[in-house]
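There are two complexes below, and they share chain A, which is joined by chain B in the first and by chain C in the second.
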Partner chain A sequence: MGTTEPVAAARPRRRRRGHYTAYLYLLPALLLIVGITYFGVGYNFWASTLDWNGIDPNPTSIGLGNYVEISQDPIFWTALTNVAVFGVITIVAQMVIGLALALVLSGPIVGRAVYKAIVFIPVVLAPAAISTAFRQFLRPDGQVNAVLDAVGLGFLSQAWIADPTWALYALAAVNIFQWTGFSFILYQAALSQIDSSHLEAAQIDGAGTWRTIRHIIVPQLRSTHITLALTGVIGALKTFDIVFLITGGGPGRSTEFLTTYIYKMSISQFHVGYGAALSVVLLLLALALTLVQMRVYRYEQED
Partner chain B sequence: MKSPFRLSALAAAGAAMALMLSACGGGATPTTSAPGTAAPTGEAPAGEVTIDFWSWNPDQNTAVPYIEAFEASHEGIKVQHRFIQYSDYVNTVQLALQSGSGPDVFGLQVGALTNQFAPLAEDLAPALESALGSDWKSKLTATDQLSVDGKLVGLPWMVTGGGLMWANQTLVDSLNLKVPTTMAELKSFCAAVKDAGKACIVHGAKDAWQNIDAYQSIVNQVSPGAFYKAMNKEADFSGPEFVKAFEIWKSFFDDGLFQDGALGATAYPDANDAFKKGQAALIIFGSWQNSDTTNARMAQYAETYGDDFDPNTIFMPYFFPQVVDGGKTGTMFGGPDVGFAVSSGSDAKDAAITFATWLTANEEAQAMMAKTVQQPALASVPLDLSDVKTPEQATALEAQGPALADMIGPREIQSADVRTALGDALSAVASGQQTPADAAAAVQAAIAAS
Partner chain C sequence: MIGRPTHRSRVIHQLLATVAVLPFALPLYWIIAISFEGAGASANYSAVVTKTPFVQFLINSLVMSAGTVAIVFVCTMLAGYALGKLHFAGRELLFRAIVAGMMLPVIALIVPIYMLVRQAGLFNNFLAVIIPLCTVILPMTILLTRNYIQGLPEELLDAAKIDGATSFGTLIRVVMPLSRPIVAVIIVWSFLNSWNEFLLPLLFLQNESLQAITQIPTYFTATYGSDVPKIFAALVLMCLPIVTAYLCFQKFFERGLTAGALK
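After this line comes the complex of A and B, so read on.
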């Protein structure tokens, strides 16, 4: 680290003591992270090498056998596809709608504070409450179909969560409802940071509203786009509650997610080793996707 | 210089996530708080033993009278009950027993759960032998379903069976209809019920167990007993009888016998609530709902549902209608609804065994259950029909007697993997994602691999 630097060489003792103090400050957090988080990850990895029902005191070690089985498990691939479709839809929709709302509400609009609150409230609601409400809304005789009927779009009515064609999209819609407010808040904060002289310059140069948004505003919000994409990817991979409560992964396996599959394998089917291996795969996926996005972000910044 | 920091931050974020995920992966700590648990207060008298009793059935209200009666007749033993919702039950008990902080007496569902927990439980056969004599097997119902490799893992308490269909008789009568007994009658019945703006059979097809109940009722008519042979690998599940049963199952959806959107509904509370509130005429529930014929239960429902519920509603159990030409009706499948096991690691084993044995083999305890019109495991205790609302309901309950005493097979499937495969297959066939033949083959593959 900095030991070869001339300044450090001039006053070594004081510098070192400062180091120790800093480490001491870190200690509580370090103990917590290593003791709980890394231990949990390590234990999970160990469990993933076992053929274990979670009860037997003498589990059988099978090395990487669970991972081989996962690679040939059609349900795993179905779940992965579902998460990918869900992730792409929700991330794009939440960013686009969030940005649009932030732009609209950045103007002089009467009742702006009220609109802002309305957009943000779903973010703070418990997913369990949202799921329960949407299970009702999405029934064939529920409010979604009633609204469609009322606006003359009755032909679009569906048994949303009971139909394998629509169930995954219905879940995506629920997620968009819950998390768009989060994108909105971040975009709003970022918009307030944009130097207004850029906007004025664009207007003087004769750029219309659309061109200003497209070429001035959107590029300047790059770090917000990246943050939202990053949290969106991890959020999609982690999504469990709304799926488990609304469709339970069904009909059939049409809305199975990796998380719900891990739960079913570990709890309902007593394959704790296999479930642990699925968790490790999920963790690696999240890490890999995050790394890729960070790389892209840094690459763009260096540009 | 920056990247190691970034990487470690990332790793920490990832690790934190893994921890959250491991909560789903079976490595979780139990987070359930038990509403019925009170910390023991005051000092225990010398020589008093406290045993911990965990269950999902009975629940916190139902357990109280049993525990009071037991404690009154067993000085020196206190019972601390903890009710855990079934959705949290397996995980919580599993972790607690392994860490040594678990219950002394705990409930088990027959089938996969009993098989998995067998290594952690005491053999209770000797206790039954001293309580009931060497012929205890003939005095109790279906103890074989709670035996694993010759060890009696749990004691049966309440015996329940499927193969029934309940009618909201008040609604059916108000529509001037008759509860159907054949497929043809069922179809015209449903058309009439739907014309009146009500659902015909309300079904919670999101729940695999309710679908498996319906499928067993169907296949037991197509080919009686074949289902249980296939589960024991003595018959081929991809055979024509099973495919035919899948086709009939699908017709319940395609012909509109089930309500629209049934695949998105749960059995409890969705379907059950709709049925209780008079929004549907029929439901495929079994004898575990028998208390719905009693005044006591009607009073509870009035409290639960408020103005949505008419306490004078008559709920009537019928045998599953004949859905196959020439199909045999009147059969039931089932066994112990719950079995009580004693933990091998218990530090109050004798008291725990005394309590578990009392619940099952004591006439007073079993008579308390008979009063709720639940079939006692102890054969010598008859159903107590004194609180049943109408003589017609009493007759219908009595008609279950022979079927419950001679059940065609167990309701629960021994292998959790086979159970999952069958649940998936039924949902996939119902939603048109799989053909009946492919579905039957998929279940057979799971049986072969189990």
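After this line comes the complex of A and C, so read on.
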């Protein structure tokens, strides 16, 4: 460390020291990530080959038995379908509404900051708080139906979360309420990057507002669309809190998600081996979908 | 942005914006309005604060969030610096190994985490929540920090080196002061994720005096049944800290939350 040493002589020693300290710097993060994430993934693979309640010290190995069972498990397929439907609805709606809000709020608006804050506040709220509130709002005598009544759409009133036909859509609506602020902010940032001369050129060419949006603005936001689709897919696969707290997967299995099914199997019903196998399926799904989207993303970038 | 603002278009814009924001404003308004119903605002709120362990839950959540933020911050700065500026064998490999965990949902690791917590005897211990939380937050914060630190000008670090600074000294005196924007992102991201975490406290903190603030609604419903206004008063109190923080540091929150998406 001596500052009096000639720089040339000190250099090789420093470099070597830097070499080892680098691993030291990485150690805390690596301990956590290897110790929990990597250990966890490995443990899941191992536990997924067992018929195990999580307590028995001598579980029976059943090879791929759990996976065979999963492939024939109607609840698994229901859960997968539910996640897919939920994912498509929420991703599309959050993108469309987020972009619409960003466009509308880019106009000459008084109190823009207040509007923006209102849309973004749900993003920072705990899903646990939002879920509790919406359980109340979505009751048959709740606020949502009251509003429908008030605007003359009383015939649309539903028991929402108590009705198996509507419960999944109700959950999607709650998710849209919470997360649209996120896509809104991203679109707003991207819109501010668009060269306004393009827009002016389009207007001079006589393109109307709608045509300007469709043909000039929407294509230029491509990387934001892709980012939102990517985070949306992972977000849908991860969704747990609002389902667990609003419907608990019901009525029946009408809102069962892979995550709630994993929770029920591993924690409530002690089918730890089966829960681990479901977890592996969820991990592989998340990984596969991410890889596919990264591919698309890269392909688009090269375009 | 589109068209020239005439008086008429101004009015139309304002109307459109108000209608578009209404579905977001109404539920927020209802949450507050319902908390004023029943016995009245002051009775509801004072009942929540004085007759329930609300304050205890709040303190517990603060402790867990502070612990998570601190651990994530230290691990992220050290790792981000090493991966961004130091040269060593296997750097790229280690970087990828760390970032690969980014897409993992916690729930997919619930079986192994449960077994680890049981093995380590950490039930009813904040560490059972803090450590897994840090693990899922780290890949994202390390990715962002490494990219940021990598972009810092090499000359500044070289100058420190010539002045005889150790690599740790360089981190503290040169890199850290230049990293304020990314530090804000790390803090916002890790605080929000820990403050709002529901599943881990649910699983590992069964002792009533240790519960997190996200357990408030469940706790209330179990204890008070259908006293809806009081439950909503608790919701308002539970959301207040995070909404206040957001309103004070809007820029950091928006940047912190979207930084991951923008890479």
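Heads up, the rule we're going with is that the second predicted complex is superposed on the first by the 271 of 303 C-alpha atoms of A that agree within 3 Å, B and C clash if a C-alpha of one lies under 4 Å from a C-alpha of the other, contacts with A are read in each partner's own complex, and residues count from 1 in each chain.
Throughout what follows, a contact is a pair of C-beta atoms (placed from the backbone, for glycine too) under 8 Å apart; a residue touches a chain by one contact, two chains touch by 3 or more.
As the structure is a computational prediction, the values presented were derived from the model and not from experiment.
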Touching partner for A:Ala159 - first (chain B), second (chain C), both, neither: first
First, second, both or neither for A:Ala150, with chain B first and chain C second: neither
Which superposed partner A:Leu32 touches (first chain B, second chain C, both, neither): second
Touching partner for A:Asn44 - first (chain B), second (chain C), both, neither: both
Dominant contact partner of chain A by residue count, chain C or chain B: C
Partner chain(s) touched by A:Ser266 [first = chain B, second = chain C, both, neither]: both
Contacts of A:Ala201 with chain B and chain C, given as first, second, both or neither: neither
First, second, both or neither for A:Arg253, with chain B first and chain C second: first
Partner chain in contact with A:Val218 - chain B first, chain C second, else both or neither: neither
First (chain B), second (chain C), both or neither touched by A:Val104: second
Touching both chain C and chain B, counted on chain A across the two superposed complexes: 33, 36-38, 40-41, 43-44, 47, 54, 234, 238, 240, 259, 262-263, 266-267, 272, 275-276, 279-280, 282-283, 286-287, 290
Chain A contact footprint on chain C (complex, rising order): 1-3, 5, 9-10, 13-14, 16-18, 20-21, 23-28, 30-31, 34, 71, 74-76, 78-79, 81-83, 86-89, 91, 94, 97-98, 101, 103-105, 107-116, 131-132, 134-136, 138-139, 142, 161-164, 166-168, 192, 195-196, 198-199, 203, 213-218, 221, 228, 231-232, 235, 238-239, 242-243, 245-247, 250, 253-254, 257-258, 260-262
Complex interface listing, chain A residues touching chain B: 33, 36-38, 40-41, 43-44, 47, 53-57, 135, 138-141, 159-164, 167, 234, 238, 240, 246-248, 250-254, 259, 262-264, 266-270, 272, 275-276, 278-280, 282-283, 286-287, 290-291, 294
Chain A - residues contacting chain C, complex: 1-3, 7, 14-15, 17-19, 21-23, 25-26, 28-30, 32-33, 35-41, 43-44, 47, 54, 97, 100-101, 103-110, 115, 117-129, 131-134, 136-137, 143, 147, 177, 180-182, 185-186, 189, 191, 196, 199, 203, 209, 212-213, 227-228, 231, 234, 237-238, 240-241, 244-245, 259, 262-263, 266-267, 272, 275-276, 279-280, 282-283, 286-287, 290
For the chain B and chain A complex, residues of the former touching the latter: 6, 10-22, 24-27, 90-91, 94, 97-98, 112, 116-117, 119-120, 205-206, 260-265, 416-417, 420, 424, 427-428, 430-434
